[in-house]
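Following this message is one structure expressed as structure tokens.
Order as written gives the chain letters A, B, C and D; numbering starts at 1 within each chain.
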Amino acid sequence: MATTHAKSGNSIGRIVLYTLLVFFCIYYLLPLYVMLVNSLKPLSEITAGGMMALPQEWTIAPWLSAWSSAQVGVEATGLRPYFLNSIIMVVPAVALSTIVGALNGYVLTKWPFRGATILFGLLLFGCFIPFQMVLIPMARMLGLMGLAGSVPGLIFVHFVYGIGFSTLYFRNYYAAFPTELVRAAQIDGAGFFRIFWRILLPSSGPIAVVCIIWQFTNIWNDFLFGASFSDFDSQPMTVALNNLVQSSTGVKEYNVHFAGAIMAALPTLLVYIVAGRYFVRGLMAGSVKG
Amino acid sequence: MGFLDIKQATKSYGAVQVLHETDISIEEGEFLVLVGPSGCGKSTLLNMIAGLENITSGEIAIRGKSMNGVKPADRNIAMVFQSYALYPNMTVSGNISFGMEMHGIEKSEREKRISQVSDLLQIKHLLDRKPGQLSGGQRQRVAMGRALVREPDVFLFDEPLSNLDAKLRVDMRTEIKKLHQKLGTTIVYVTHDQIEALTLSTRIAVMFGGYVQQLGTPKEIYDNPANMFVAGFMGSPSMNLFPAKVVSENGQSAAEVSLANGTKASIPFATEELASDVGRDIILGIRPEAITDRDGADRNSQAVHIVEAPVEVTEPAGSDTFVVSQIGGKDVTGRFRADVAVNAGDTFPFAFNMEKAVAFDPQSENRIA
Amino acid sequence: MRKLTMMTAAAALLAASASVKAEDVEVLHWWTSGGEAAALNVLKQDLEGQGIGWQDMPVAGGGGSQAMTVLRARVTSGNPPTAVQMLGFDILDWAKEGALADLNIQAGLEGWDDVVPAALQEFAKHDGKWVSAPVNVHSTNWVWANKAVLDELGIAVPTNWDEFVAALEKVKASGKTAIAHGGQPWQDATVFDAVAMSTGGPDFYKKAFIDLDEETLGSDTMKETFDRMAVIRSYVDDNFSGRDWNLATAMVINGDAAFQMMGDWAKGEFLNAGKQPDADFLCFRFPGTQDQVTFNADQFAMFAQGSEVGKEQAALATAILSPSFQSAFNVVKGSVPARTDVSDEAFDACGKKGMADLKKAADSGNLYGSMAHGHANPAAIKNAMYDVITAHFNGEYDSETAIEELVTAVQINK
Amino acid sequence: MSISETANPQGSVVDRLRDALPKIVLSPTVAIVAIFVYGFILFTLYLSFTDSRILPSFGWVGWQNYENLFRIRAWDTAVSNLVIFGLLYIIICCALGLLLAILLDQRIRAEGFIRTIYLYPMALSFIVTGVAWKWFLDPGIGIEAVVQGWGWTSFEFDWIKNREMAIYTIVIAAVWQTSGFVMAMFLAGLRGIDSEMMKAAQIDGASTFALYRRIVIPQLRPAFMSAFVVLAHMAIKSYDLVIALTGGGPGTATELPATFMYSYTFTRNQMGIGAASAVIMLMTIAAIIVPYLWSELREKK
């Protein structure tokens, strides 16, 4: 462990250390603090100024409003119905891209063939393609595939552009996975899928966490694809939040906006908080070994 | 036709040939060791036997049946890996039964066999543990158990002892030998440790540079190395190899060598094989145990010759003392009795048992006598 | 271009029949604020009364540009919405692609030609066919003022540039912000529109922004316009960049600033703050443009689903143009009806003034599409002009450079 | 190890299928990437030579879009902004991430808790945090106003309103979002370093500073590389960030190629120019990423 050298005796050093740590905590927490504090104030307090101040009058009305009665379209539905839309899109998309990424990583490291490395390079380069560029051709393809304006279409799009990173994660992880285990399983008579399922997958926990966190965050937070490839009944959360926040005229209810924004971010926050402690372990186990 | 036949097998990666035409044939119950330095092609050959690497050309057959294109699981082989390759997510019994499960063996039968094997290897108390909770020696046993339980035609061992500490390595070596004697199965065993090769095998293939340098019984390999590589690689301390010249002395052919003090000495050969080669430069090969002090010399030998040579270093090793002198510019080590009074700087009589000496051609490095 | 259009139309036909029930309308729009949505709800209930379902597809952001992106994706994928909220040249562009349904039958039945101002018809008709249903007319050359501030400083409503500058100077001297402005390209351009109209008059405005005459664009009058923009900049506080328009309006409402140049939608902010027109705040045309109205109009275009316009599309178009909806919607929205024959009874003082101004301007040929709001030239040129105006307003270009860049911008994007 | 290639002319169809299985498994991905990445790149390349405006159109216009592109000042701004932004963003993120990782690695209390705080911004999109950031940076209500309220009246922080400085505010917000993630990568790298080596260095008398500088940091190269890929990817795709914070302003001061491309393709109905800018952008990415990928992947062979 790299920690062994740290002497806890040097108390001035420790004070500086903790001061720095707390300082950075503040830096990272401030925006969330502002959002949270202002989501619990009545609008009049916000417009009166003092964005850093705690509410004089605490209220959860903005949260209730954002959840169930804020105006995000013709109907004042709040964000509630869009939550489900996002979930039924995100879960399959994350699952698919993770599983396929794992299979790809498995093939690329344990069953390599001529050109596998180049193929991987090409795959990785795909991560860098700007999404704005693919919008129109993607729309055309979805139309041709009959997936336009549907949840499966959205899932497909996120899956397609999620493969690059999920393959990267799993490939780097599996590269460090002992090939002898695969050979042993072959001699034991396990086939391609059985080896994957019984030998590699059970050991893939750490990297799966990294991959799922990454994919979940990216897909949940996507706006461009969500807006462009959804239908009136499949718009995801981010589109609704955008409609709430970006309304063109009328009074901007900042407290409701903030409440809605935090609400929309809750699932990803939850994923980070719950899975966060596996995250460093997962990164350690593979992806930063390069 | 033997039990395991390797016929003209080669392996290439693209343009690079890593294994050249190789022929090995062994009988059922033999213990074949593939030995050589790393990169010699021994592991490649083992993987080819296992079916983990394809054969570029030639054929590998088990029980007379060609194995080309047969997948590893269908070759009826079992393999023990260097890292043991125990499945980290399964218990010991899970590891042992996995192969049987894959081959569709019934549960009751699997349990019976696990029980037998764990008795044999004394790992019964470990069956419910995960590999991560085992010591190196225990893992080794589990890995062997996993192989044994399959009751295969051929066992393949890929440097199975190299991850153990020295003491355990010796113990496990003995255990493997016992197991082989008890079960009589055919084994192909890869190692870079020549002592393991000599102690375990019934047959050794010494490999280097993608070629089998010599195939033979341990005694053949040790006593009659086919070339300088085999001579130098097998045995510890390794065989002394030093330049000499064939001369004729008193009608007898002899090896003339130069000593560190500038004088020359000639040592008669035990045979007249090189009688026609007078004047030829050769490399003389003679094992340390054939260079002794006068009293330690083999009394049965007809060809012990004394050379007075300056002593450079002495290395007491308990049971013996290794004494080093420079001959032909090379360090030549003799194995003297422990209680011989000899010190660095002395000129001391070295007894050469020329019956054990071999000669190599300096260019081809092949043995000529 | 044609080939793709055909493909698209065919795909649209296919998808439309597949995904949307014939009797439902899917409406893509960006009206998600409370007032707007309430206004749209009038339309929705009207349709539901006729048994037509409303499938809501709101995409807010960027004054509709986000929705236009989505529209592009939807059309390309062969799954266009039934009806889409659109502005100005976007309608004509889509009409050129042959993507819009022909509404002539409805227009004929309802006599749209007679009640919709000609200047507006230019954006609702293509090749002599009605392709969209106008909802409202926003006029953009309004100035909003805090009456209390003006009274306190003894400022009368200015009627020309010099009076305006004098008024601004007075406010500045008092320590208040003279002009509340949000530094976003479209807001800069909204001010520019009014200044140009005031400086050069309607002919100049038409030649420069509608006809895109390069000589006019590079003329001294244009340079004068930019110089006046610089003057206006000097009366704006330093913290204007990126400010949302409604925050600027709030400055006027709170009495921190005296004037704001903004379209009629700003009125909603005043009303929401409990202010009364003429009592608490004033609305008047930008000094020097008392006779002119620059406008933009929200419309709904129907996407073609084959040879004939869909029954539900026809119903939607008819409902939009009905006087009752036009009145109900625009009272809420702050704009004025697209039909000039709607009763002004329900409207407040500013609304009544707006309706009267519109009718007068339409009748006298003084109604012009607003450059800032995409009703003078296509999006490419409009945005290129934004770039120049904004760069000049932020001090990046001087007036000389600005007119050169303006000419270049038009050349590149024409 | 390539069983899959085991040539077996006598093998049954099932056997051959089995041998080809890895490739079959990989093939959907290959097909998807071929169409949805490289196909689209080719399509965009083609579009950049056409007169496409509102929708793709296939009238060939040669290099005209490129010529126009380079006449547009905003494009120059966007490109130079990307250089400034990209460099600062990557360097600061790496430096801060490394610093935080080292701080966290000092056997501190509540490490998991603090780590989560540092990491969470990655979970939020700028649609969510954009308004908060805008407020912060706004001199009228944000940091400047707050600090002035504390009595430091001469304090100024109006970068977001300043043409010269606005791009740096984008860097601040971007660093806020990603540096925690980079920290996690470095922390993982630190934890992976052999502890015996650390002990050896201590016995050799290395100070903590020297220990990190001479022993630890050089061993974090793989972590640096991974961080670089992720950060470069983020920098190039930064779009939400700019839209949420400045909308490209003041003026065009914070325009980035991604926002430029979007606005030309969609807002301005100049799809041809938008495509041309996308092509230039891709070529730039390729010029940076391809040599990197090449060296990384070849090394591992």
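One rule holds in what follows: contacts are C-beta pairs under 8 Å (C-beta built on N, C-alpha and C of every residue); 3 or more make two chains touch, one makes a residue touch a chain.
Computed from a predicted structure; not experimentally measured.
Q: Determine, using the mean of C-alpha atoms as each chain's centre, which chain is farthest from subunit D.
A: B
Q: Highest contact-pair count belongs to which two chains?
A: If you count contacting C-beta pairs, the leading pair is A-D.
Q: Roughly how far is subunit A from subunit B, going centre to centre by Cα mean, in whole Å?
A: A distance of 56 Å separates the two centres.
Q: Using the average of all C-alpha atoms in each chain as its centre, how far is it in Å between subunit A and subunit C?
A: Using C-alpha averages as centres, the distance is 38 Å.
Q: Quick one: report the Å distance separating subunit B from subunit C, using the average Cα coordinate of each chain.
A: Their C-alpha centroids are separated by 91 Å.
Q: Which residue numbers or ranges of subunit B touch two or more of the other chains?
A: As it turns out, subunit B has residues touching two or more other chains at 47, 51-52, 71-72.
Q: Send over the residues of subunit D in touch with two or more other chains.
A: Answer for subunit D, listing residues that touch two or more other chains: 1-3, 5, 18, 55-56, 262, 266.
Q: Which subunit A residues sit where two or more other chains touch them?
A: Expected reply: 135-136, 138, 183, 186, 242, 245.
Q: Which residues of subunit C touch subunit D in their complex?
A: 1, 3-5, 8, 62, 65, 68-69, 72, 75-76, 93-94, 97, 183-185, 238-242, 378-380, 382-384, 387, 390-391, 393-396, 405, 408, 412-413
Q: Can you name the residues of subunit A that touch subunit C in the complex?
A: Against subunit C, the touching part of subunit A is residues 47, 71-76, 135-136, 138-140, 142-144, 148-150, 227-229, 231-233, 235, 239, 242-252.
Q: Using the touch definition from the top, list the residues of subunit B that touch subunit A in their complex.
A: Subunit B residues touching subunit A: 47, 50-52, 71-74, 77-79, 81-83, 85-89, 98-99, 102-103, 146, 150.
Q: Of all residues in subunit D, which touch subunit A in the complex?
A: Residue positions touching the partner: 1-5, 18, 21-23, 25-26, 28-30, 32-33, 35-41, 43-44, 55-56, 100, 103-108, 112, 114-125, 127-129, 131-133, 135-136, 141-142, 145-146, 176, 180, 184-185, 187-193, 195, 198-199, 201-202, 208, 211, 216, 221-223, 225-226, 229, 232-233, 236-237, 239-240, 258, 261-262, 265-266, 271, 275, 278, 281-282, 285-286, 289-290, 293-294, 296-298, 300-301.
Q: Touching subunit A in the complex: which residues of subunit C?
A: Touching subunit A: residues 11, 15, 19, 26, 30-37, 40-41, 44, 54-64, 66, 69-70, 72-79, 81, 244, 246, 250, 265, 268-269, 272, 333-334 of subunit C.
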